[in-house]
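First chain A sits with chain B, and in the next complex the same chain sits with chain C.
After this line comes the complex of A and B, so read on.
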């Protein structure tokens, strides 16, 4: 193999580190996307028994979005196996206790249930905010786009844009509580 | 194994058990256990099971390879930023009759050819469905898509 081709082979089979911002993204969609990259289904050289998966770093797991009233209405259940061992907890409470739990659960369940699942899950690194250890961040070379196009929040607008935005009525001091 | 045609014929048409045993042992030479290499009754059970698995696996292998090839084609289309259904439709319309196996090989070893095929599929769809010459989207060929 020539010198250039050897480099190409290395580049094709190397394990890439991706980073994904979970800010205002749906938890289920992230699970699907991350499990796809971790298994290696995004590569044309994919095979289930050859180790072609990549690492994925998920950041801002605290800022996940659930539509509707799911934060109050979605209930996560578990049973310890003993008597009176049923645990029921609403989504917001679970998120309070461990902000990375919901995302990790979704990703784990999307990876197919076989002996490779635990090793592949070890290649998923979830952090609740943007503080990622240096030894992980220095490996990252690619940015993944989240499944949901992020809408602009009020905090993302600049002061000039807010002032120049067309208004329905004028803010007169007579109409404001003082 | 059988050095002369006479011996081979003898094993098949006469009921000499030794030759039958020899034919069986031929298949079991790679077994690790000594008892399976020498004791024919035990070995026959293993061999029979293996041949049954092989027969049933012929269909399963086809099923599995089709799934794998489809997954690889979807990955290749994702790399080139086109939907895989759109790609197949466009290729069909333009009369390119490459099968999944060949498309996989092209996407792995001839990426620029595959890029041109993607462009062909898009162009065909635009011209046949819309009937209008539209400018094609600018395509960056890169496996890692960075959107800043």
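After this line comes the complex of A and C, so read on.
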């Protein structure tokens, strides 16, 4: 079977499904990355009027990280329009009520404010756990790397690595090991 | 002797950066293996008898790095090491198993380096890289759930919410990281580190 021009066209304009693990990643960086792939800015064939965006699945939205003390200091505000309708909530309380809200808000605001925004936002799928329905996992073909390089905890190192790491000072022989 | 090269490369690539002793980084800081004897308390409970022993055991896996400036007692300053909160293998040497700092008489750290290590240890504990955590209660006594965070300068329950951040020219910013670490850390670009978001 020969590889015709029609097949090449379908392959270049096909819609790809990506997956991203939000464990210990910053919320703002995820919004920038996901909006880029959803609009199709990572493709050389990009044009705003031709529909070249991809799907993105975000997993482990519960485990997002904020630098500094933003979980207590950052306040999200809203107003219902009625009297005494101002709602102010700290970030950790918002996260408690809906763990996907912060990520979805960041992604929605990073997509440009035009008539395409709502359709592109429908192609973003955010889950708080790793429990993703089978209909969505079947389509995923690519893994995205998060913006922050996650550091290793002391429990992630093996015993050999810990022992072979050089010591900076030697303790007294009467030191009581605790 | 191929062991020496591997250990030196691991020291230099573990995330710590050298400041004024940049010329020493590539050269060989010699290492040698030593054995040290320590004491340990062991408690054995029988039916009617509990035995508490002070046992002596040998630690044969100590790999010690020599100093570049031998007269300096401080282990970090004499080797030109600048630490970050991610250098968990270095920070673990200065704390106990519960997460408290060892006194300066044991470790011979200078005062500036001691406070740098202290802030790095606290930032690593809040990021769940090292053992030892603080109580998670707010100033009003409300419970703050355990969440992922990094570069937290202040205690977890000690900050109040910032309701109005202000106008762009007088904006109240979130404080991140530590000033002493950023001041001494070597920089490649001329742009200063951002301690405020």
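Some notes on this structure:
Note that in this section the second predicted complex is superposed on the first by the 148 of 178 C-alpha atoms of A that agree within 3 Å, B and C clash if a C-alpha of one lies under 4 Å from a C-alpha of the other, contacts with A are read in each partner's own complex, and residues count from 1 in each chain.
The rule is simple: contacts are C-beta pairs under 8 Å (C-beta built on N, C-alpha and C of every residue); 3 or more make two chains touch, one makes a residue touch a chain.
As the structure is a computational prediction, the values presented were derived from the model and not from experiment.
By the touch criterion stated above, A:69 is placed in contact with chain C alone, chain B being left untouched. Of the two partner chains placed by the overlay, only chain B lies in contact with A:43; chain C stays clear of it.
Look at A:82: by the touch rule set out above, it reaches neither chain B nor chain C. Of the two partner chains, chain C is the only one that A:169 touches; chain B does not reach it. After overlaying the two complexes on the shared chain, residue contacts for A:16 are found with chain B alone; chain C is out of touch. By the touch criterion defined above, A:145 lies against chain B but remains apart from chain C after alignment on the C-alpha atoms of chain A.
Between chain B and chain C, it is C that contacts the larger number of residues in chain A. Comparing the two interfaces of chain A, the one with chain B and the one with chain C have no residue in common. On chain B, the positions that touch chain A within their shared complex are 68, 71-76, 78-79, 104, 107-108, 143-148.
Considering their complex, residues 7, 10-11, 14, 31, 34, 36-41, 61-65, 75-76, 79, 81, 85-86, 88-90, 92-93, 96-98, 106-108, 127-131, 138, 144-145, 147-154, 156-163, 174-177, 197 of chain C touch chain A.
In the complex of the two chains, the chain A residues touching chain C come out as 23-24, 63-75, 77, 88, 90, 92, 95-96, 151-154, 157, 161-178. Interface of chain A with chain B (complex): residues 16, 41-48, 141-143, 145.
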